[in-house]
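Both complexes shown next keep subunit A, but they swap its partner, so subunit B is in the first and subunit C is in the second.
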Partner chain A sequence: MTPLLQAVGLTRRFGAGLLARRGGVTAVADVNLTLMEGEAVGIVGESGSGKSTLGRLLLGLIPPSAGEVRYRGRPLGAALAADRRGVRRALQIVQQDPTAALDPRWDVARLVREGLDIHGLGTPSERAARVAGLLADVGLDAGFAARRAHELSGGQKQRVAIARALALAPEFLFADEPVSALDVSVRAQVLGLLNRLRAARGIGLLMVSHDIAAVAACCERILVMQRGRIVEDAPRATLLRTPLHPHTRALLAAVPPPPVALLATG
Partner chain B sequence: MSATSALRRVAPRLPWPIALALTMAALLLIAALAAPWIAPFDPDRTQLLRRLRPPAGFEGAHPAHWFGTDQLGRDLVSRALHGLRTSLGIALIGSVIGCLIGTGIGLLAGYLRGRVETALMVIVDAQIALPYLLLVLLGLAVFGTSTWVVIALVSLAGWENYARLARGQVLSLRERPFVEASLALGAGPGWVLRQHIMPHLAAPLVVQFTLGLPAVLLLESSLSFLGIGVQPPAATLGRMIGEGRHQMLTAPWVVVVPTLVILALTLCVQAIGDWLRDRADPRA
Partner chain C sequence: MTPPLLSVRGLGVTFATPFGPVRGLDGADFDVAPGEILALVGESGSGKSVASLAVMGVLGPGGDGARVQVEGSAIWDAKVDLLRAPHRPGLAMVFQEPMTALNPVLRIGRTIGEAVARHDGVRGEAVTARVTTLLAEMGLPDPARVARAYPHELSGGMRQRALIALAMACRPRLLIADEPTTALDSTVQARVLGLLAGLRRSHGLAMLLVTHDFGVVAQIADRVAVMYGGRVVETGPVAALLAHPAHPYTRALLAAVPRLDLARGEALPAEEMPGTPPDPRHPPPGCRFHPRCAVARPGLCDSGPPPAPQALGPGRAAACHLLAA
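Presenting the complex of A and B:
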């Protein structure tokens, strides 16, 4: 396996402008990280710990304040300048709130097809066939193609967003709290779907969540972030059994027990 | 009312005042377009023997002039139709130009940000701060009073509203997650603007247009009333009121006829605009 994405001394500050409080907020502070091809990595941490910012930096959606991202060994900025379309196709995102992530004026077929349309891939009939295939992959039947986002449930919307991200056959997927906005009852389905699709296609995954259980369901390697820094980086089993950092222990202790356990203690 | 009922059949949930307003606006638009063919007289033809005749039904009315005649014996039906045509034409063309310029500037300011935005918004603020009437007088003094100069000046009256509206919409739309997803897919600024931002802009712009049109209509009428709009003998609704005000006590119909046309037109357009705004954004 070769390194797909690397962060070297990656730092991002917000609100350091003229009118902001002096210094602003450092969302990501001097992060060093290597993500291998096809590797599934999870990041946990409280809200505001810089998880989502780190993902967006790795995708090149926001520029770093210091340090750099490397895509296949090359600085991401240079890689984008040389082959913007190729690199963009390789790195995709699934966002937190599927309602906001889908343009409300578009129907599902157009939403899923957007990447193909942007890059001008295939003839119209090939694109339609590809959309039908993607919808089937994410468990939506062909009848959904003509619907608008507001006619779908939260889980169905997130399936559409996943299909859209997979349309360009990416190498890497950044999933930013992909199930946080969903009902508890459909979270496991969407996580299972995401995991199945990415494993079958060998897509690298970076999943950010405040919910350790969601991350542990998909990722064999887990990072813990606190105030912009990675405080622990360990394989899933190691991290869950023998957490080293106090913040990791605190996060694990905060996981609510299953309802049955409440009965036993009460 | 057959047109109204036809409309109700097409859109059964249309509230009746809106159906009425739409019907009236359509009739006025048709009347304005067809004025040269449906006007019974040449609007500028003076008949000194038929001066200041009252509308049909009043004592001394002439059967050929339903709405009466003015101080030069010109037929008020014909003048009102031609005045409507000129006033509405100037207001519509001026509004469209103002809308296009303002929206373009707002889009650029909102999407490019930085110094471009600062410079463009300074121009917008300057326009808001400038006394409009002064600008109009200056424009007319420099360029004369041709119809196109009036149209240009009318378009200047509203463009800053479109610029601010468009900029605000772009600033909020560009932060929406579906725009970020589009950028992640590889979209450039042109794609995002055309596919994601401009379609969302259409509804608020249409609302702004219909809400702004009555003000522009009244503005054109005010300029004509003051004698600095389109020059005589051309009929505009404001000029008719301006010319008739000397006979307001003895021959009120000369003022009442164009006033009623302005009232009907602005009321209809305003009602349609309010309704569109409620449909587009119930929170506004």
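Presenting the complex of A and C:
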């Protein structure tokens, strides 16, 4: 495996406006991290720990205050300057709130097709076929193509958002709290869908969540963030069985045990 | 058996909407014993929040033939408007989002002081003293400082504790809490749940806890009522219900909770429950769960509403065609 994305001394401060009086906030502090091709990595941490900011930095959606992001070994800024469309195609995002992520005026077919149109991929009829295929891949039947976001449930909207992200055959998906807004039964559907799509396409995944169980259902490696720093980075099983950092232990202790397991063991 | 503190029978709520009348709650039955924590569990649209609001009386008397009793006496019926009744019989409510439940332009002490003054009929120093005691009881350090603070000056966890103090100012026998920890980080959630468990121990407080999170249920509740499509589909003691769920919906919902104690490949169910919770505007015919049910029988489950809950053992019951067949 080759490194896909790397963070080197990555730091992001937010200091303007209201926060300036308090000396600003360092959301991400000196993070060093390597994400391999096709790797599924989760970040857990409490609100304000910097996990979403780290993801946005890795995608180049916001610039770092210090340090840098490398995409396939070269600085992300330079890679974007040389081939903005190519890099944007490779690095896609699924946001927490699918309602805010989908333009309410567009039907599902147009929403999913937008990336193909922008990148000029295929003929119009090929694009239509590709959209139909993507909808099938995310478990939506053809009847959804003509619907608008307000006619969809939360889980269906998130499926559309995933289809949009996959339309450009990305190498890497940043999923920012992808199931937090969803019901328990729908959450399991979307997590299962992400697992199957990832396995079929070999896409790298960075999933951010405050819910360790959601992250652990999709990721083989888990990072724990606290106050902008990665305080633990371990394979899933190791982190869950033998957490080393006190904050990891606190987070795990606060997760109510899975009800069924709780009763099975004691 | 001790008589229930709260007894709810046939509670229904209909909302007038632009799409016509929508039945948000369709005849719910449940009891809460003195000092007991009953969790109302369900997904969106299940009616769990509507049930809690209806019991509290904030939706107005909306039940058709419903009976809601506290210690055997009706707290409201079709003829009594609870909001104008002289006092609420020992009920207080904690809402999910403390930032919207607290008045942003009033200091915490003023908000809680209002409830204290009204409830205890005291003024001046006595109010301040009681507010400070309440805030201290909620585990807030430096309660005098918190009383002087505005809601925006407190963290989410502190605001939620202040909101619980506000509810406790009414000296309730039954606390109704609607997703009290959903907006909080997991470590803060654990501490607030610890506080609620402590209040139950020290005050013998009963609770009606509304949640979608089985983790919260396992941690704090004594009994569970699982709701789906505006109805209670299964009730039982927590341990028995979680270990041996009887209703197909309860089974599928429990299976949908990702497992941390298993390998990644096994953390999610092999067969996901399809579909989404029903839209209350267009509830499916028959059993409301049948379109998503793995074991539904055509001709039976889609034909009529399920029978009244079948008793399944001590304190356990479920409403399912297949259990009655």
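By our rule, the second predicted complex is superposed on the first by the 251 of 266 C-alpha atoms of A that agree within 3 Å, B and C clash if a C-alpha of one lies under 4 Å from a C-alpha of the other, contacts with A are read in each partner's own complex, and residues count from 1 in each chain.
We adopt the following convention: a contact is a pair of C-beta atoms (placed from the backbone, for glycine too) under 8 Å apart; a residue touches a chain by one contact, two chains touch by 3 or more.
Predicted model, so just to flag it, every value in this text is computed and none were measured.
In this overlay on subunit A, subunit B fits alongside subunit C without clashing.
Of the two partner chains placed around the shared chain by superposition, subunit B is the only one that A:Q92 touches, whereas subunit C remains out of contact.
In the superposition on chain A, A:A250 makes contact with subunit C only, while subunit B stays out of contact range.
Of the two partner chains placed by superposition, A:V31 touches none, neither subunit B nor subunit C. In the superposed model, C is the one of subunit B and subunit C that contacts more residues of subunit A.
Once chain A of one complex is fitted onto chain A of the other, the partner contacts of A:E114 are limited to subunit B, with no touch recorded for subunit C.
Touch criterion not met for A:V160: it reaches neither subunit B nor subunit C. When the two structures are aligned on the shared chain, A:G192 is found in touch with subunit C, with no touch to subunit B. Between subunit B and subunit C, an angle of 80 degrees opens at the CA centre of subunit A in the superposed model, to the nearest 10. With chain A used as the common frame, the shortest Cα distance separating subunit B from subunit C works out to 13 Å. The intersection of subunit A residues touching subunit B with those touching subunit C, taken from the two complexes, is empty. Of all the residues in subunit A, the ones that touch subunit C in their complex are 46-47, 153-156, 183-189, 191-192, 195, 210-214, 216-220, 236-237, 240, 250-251, 253-264. Residues of subunit A touching subunit B in their complex: 59, 61, 84-85, 88-89, 91-93, 95-97, 100-103, 105, 114-115, 118-119, 161, 164-165, 168. Across the complex, subunit A is touched by residues 43-44, 185-187, 189-190, 212-219, 239, 242-243, 252-261, 263-264, 267-269, 272-274, 276-277, 292 of subunit C. Residue ranges on subunit B touching subunit A, taken from their complex, read 176-178, 180-187, 191, 195-196, 199-200.
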